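Scrolling down, you'll hit the structures one after another.
Two complexes come next, and they have one chain in common, chain A, joined by chain B in the first and chain C in the second.
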Partner chain A sequence: MTARPALESTTLASEFPPGLKDFNFKVLWEFQLLGINFEITKLTVLLWVSVLALVVFFSLAVRNQKMVPGRLQFAGESAYGFVRDGMAKPMMGEEGVRFAPYLTTLFCFIIVSNWWAIIPVVQIPTTAKISLPVVLALISYVLFNWVGIRKHGVKKYFGGIFWPAGAPWWILWLLTPIEIISTLIARPVTLAVRLFANMFAGHMLLLVFTFGGVALLNSDNFVNKTFSIFSFGMAIVMTIFEFMVQIIQAYVFTILTASYLQGALAEEH
Partner chain B sequence: MVTAYATQLATVPVLRAQEEEEVPVFPVVGELIIGTLAFAVLCFILLKFVFPKMEQMYQQRVAAIEGGLAKAEAAQNEANALLEQYRMQLAEARTEASQIRDEAREEGNRILEEMRTSAREESERIVARGAEQLAVERQQLVTELRGDVGRLAVELASKVVGESLADEARRAGTVDRFLAELDGLDTAGASR
Partner chain C sequence: MTELAEINGSLSAIGYGLAAIGPGVGVGMVFAAYIKSSARQPASAKMNLPYLFLGMALIEALALFGLAMGFAYT
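Coming up: the complex of A and B.
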C-alpha cells in the first residue's frame, strides 16, 4: 500500500493486481489450544484495539454524567440515542428500548471495525475477513431466535415460521420451505456475507487504485506516470465513498438485527 | 499481449497454491473464537457499565423535562383557577357593593323620612304645648287681672265717689258687669 517504502519497488509491480494475498497478514504469534490453531495477526490486534477504543470512549462518556452533557458525554449519548431512538424504537416500539444497548454496541463495533479500512497506515477493516461478520451474524441469529422462543415458546415460535399466519393450507407446501430458508438459513448468511463482501470489495477497490497508481508511477512510460495521478485521485474519491459504505453497512447490519428481533417479538411472524 | 496474459494465468494457480491456507471467504475457527471473545468482552463492559448509566440519564432527563412541563402546567392551572376565583370574588364584591349602596341609599332615605316625621311631630308637639301654656298663662292672667281690675276699679271708684262701697253684693255685681263688658270688648278686639 502507500505505506510501503520505495525500495521494495521491485516487488510493487508484482503486487499489482491486488489479490487474496493482500488479506493474509504476517502471523505475529501462533499458538495451539485444545487442538485449535490461533494466529495473532494485524487483524487480531486491530480487533482488540477496536474493543479497547470503544470501551475507553464510552467509559469516558459516562464517567462524569451531567443533566446537561459535556462534549464527550454528548458524543456517547448521541451514538446511543441514534440507535435507541433511530432504530430500536421505530422498529420495536417501547419494547425495543431494552435491546438498544446491544444494538448500539453492535453498531459502534461494526463502524469502528469498518473504519480501519480508511484510517491511515492501518487501512484494513477487520470485517474484510468473514470470521468477524460470521460471529456478529451468529450472535444476531441466536439472539432473535432466543427472544422469539422466550416470548412465544418453542412451539408457537417455530409454528409461526412453519405455518405463516393467514396463509391458506394449500400453499404451505411452497411457503413453509421458503419461510424456513429465509428465516433460519438466509438471514444469518446474508447478514455475514453482506458485511464481509462490502468491506472486502471496498478494500480491494482501494488497493486497485492505490497499487495501480504506484505501478503506473513506477513504470518507465511517461504517459503511465501521468495517469497515476488519476489512479491516486480515484483512490481518494473511493476512500470517501468507502467511508459512507462503512457507515451504511454498520447501519444495515444493526437495523436488520432490530428488524429480525421485531419479527420474533411480533404476535404473528 | 496474449502471451503475457497466458503467463499470468499460468502463474495464478501457483500463487493460489502457495497461499491456499487462508482465503477470506471461509471463516477460520481460531478467528471465530477470538472474534467472539473480543465482542463478548466489549458487550460485557458496555452493556454492564455504560448503557445502563446512559439509559438512566435518559430517563432522568425525560423525567426532568416532563416533570418541568407538568409543573408548569400545574402552575398554569393554579394561576387560572386563582384568576377565576379572583374574578368571581371581584364580581361578588361589585354586586355586594352595589347592594350595599342601594341599601344605604334606602336607609338614608328612610332615616331622612323618619327624621322629617319626628321633627314634624316634635314641632307640632312643641307648638301644641306652647299654645296650651299660652292658654293657661292667659287664663291665669285673666284671673289675676280680673281680681286686680276689680280691686283697682273699686278703689278708684271709692276714691272718685268718696265713699266706701260697703254693699258687697252690689259691688260684686258692678264689677262682674264691668268685666263682662270688658270681655265683650276684648273678644270683639280679638275677632277683629
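Coming up: the complex of A and C.
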C-alpha cells in the first residue's frame, strides 16, 4: 500500500469521485436578450430535440387517421390511451378526460427527457438539472389551483384548504398550517425535487460505476484491474435499472398531477 | 470538552444514510401491503396500482430530499 495508483495520470480517471462538476457543460453559444444572459449548452439542445421529437411524433400520429390504425397512429393512440385510461379516468372519473391531453403531453415529455440518460453518446437527462422539473411542477401547480378556483371560486377553494371538511374547530390551529404547507408549498416542491433528485442520483450512480471502472483499470494493481470488470458490469445493470426508474418517475409525476387535480375538483377537499 | 468520537470523510454521506432509513422502511411497507392485498384479492391488483406508485413516490421524496440536501451543503 505504499505506492498509490496514479489516478491523475489520465483525464478520465482523474474525474473519479464524480460530483456536481459533471453536470456543468461547455457553453456552446452565449447571447443576451432583454438583459438576461442565455447560455446554450448540451442540455438546452437536448431539450429542443426532445420537444421537436414529440411534436413530430404526435403530428405524424394524428395525421391521416384511419379506422384501422397504422403503426405510428397505433403508437400515438396507445400513449394517449394509456394515460387516459390508466391515470386520468381512475383518478378523476369521466371528468378526467378533459385533462388527458395535458397529462399525456406531460408523461411523454418527461419520459423522453429522462431517456436521454441512457441513450448512448448523449447520456445526460435534461431533468437532472433542477430548472426543468421546477418549470414542469409550476405548470402543474398553477393548473390544479386554477382548476380548483374556477370550479369552486376563490373563497370556497381556499376555504376548503384552510378549514378541511369535517374537522372540529378546536383542532384547526394545528390542521390549518399543516394543510397550507402540504397543499400550497410541499406539493410543487416535492413534485420538482422528486423528479430532479431521481434523475440526478441515477446519473451520478452511472458515473460512479463507469468512472470507478476506468480508475480501477488505470491503477497499477493487477487485482484492481480485474475488479474493473465488475464495475463496468454494474454500470450496465444500473443502466437497465435506470430505464425502469425513468418510466416510473414519469408515471409518478403524471399520476400525482392527476391526483392533485382530483383533489382540487373534489366537492369536499 | 473531551472528544469521544471523530468522523473523517464526507458528513453528507452519513447524513444521507440516516435520511434513507425511514423512507427505506416506508417503501418496504408500501410494497409489502400491495403484495399482501393482491395475493388475497388478485382482482384488485390493477385497481391498486396507481395508489402503490402514489404511496411509494410520496415516501421516496423524503429520501430524495436527504440526497439533495447532501449535495446542497457540501
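What we mean here is this: the second predicted complex is superposed on the first by the 260 of 269 C-alpha atoms of A that agree within 3 Å, B and C clash if a C-alpha of one lies under 4 Å from a C-alpha of the other, contacts with A are read in each partner's own complex, and residues count from 1 in each chain.
By our rule, a residue touches a chain if its C-beta (ideal position, glycine included) is under 8 Å from a C-beta of that chain, and two chains touch if they have at least 3 such contacts.
Just so you know, these numbers come straight off a predicted model, no measurement behind them.
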Q. Which of the two partners, first being chain B and second being chain C, lies in contact with A:G233: first, second, both, or neither?
A. neither
Q) After superposition on the shared chain, which partner residues are touched by A:G159: those of chain B (first), chain C (second), both, or neither? A) neither
Q) For A:M91, is the partner it touches chain B (first), chain C (second), both, or none of the two (neither)? A) second
Q: Mind working out whether A:P177 is in touch with chain B, chain C, both or neither, as first, second, both or neither?
A: neither
Q) Is A:L256 contacted by the first partner chain B, the second partner chain C, both or neither? A) second
(Q) Applying the document's definition of touch, where does A:F38 land relative to chain B and chain C: first, second, both, or neither? (A) first
Q: Scan A:L20 for contacts with chain B and chain C and give back first, second, both or neither.
A: both
Q | Contact breadth on chain A, by residue count: chain C or chain B | A | B
Q: Classify the contacts of A:F196 with the two partner chains as first (chain B alone), second (chain C alone), both, or neither.
A: both
Q.
Give me the intersection of chain A's contacts with chain B and its contacts with chain C, in residue numbers.
A. 19-20, 196, 200
Q. Which positions of chain B touch chain A when the two form their complex?
A. 15-16, 19, 22-36, 38-39, 41-43, 45-47, 49-55, 57-58, 60-61, 64
Q: Note which residues of chain A are touching chain C in the complex, please.
A: 19-20, 86-87, 90-91, 190, 193-194, 196-198, 200-201, 248, 251-252, 255-256, 259
Q.
Help me check something: in the complex, which residues belonging to chain C touch chain A?
A. 47, 50, 53-54, 56-58, 60-61, 64-65, 67-68, 71, 74
Q) Once bound in the complex, which stretches of chain A touch chain B? A) 19-21, 23-24, 36-39, 43-44, 47-48, 50-51, 54-55, 58-59, 61-62, 65, 67, 69, 76-77, 80-81, 84, 97, 100-102, 104-105, 109, 128-132, 134-136, 139, 196, 200
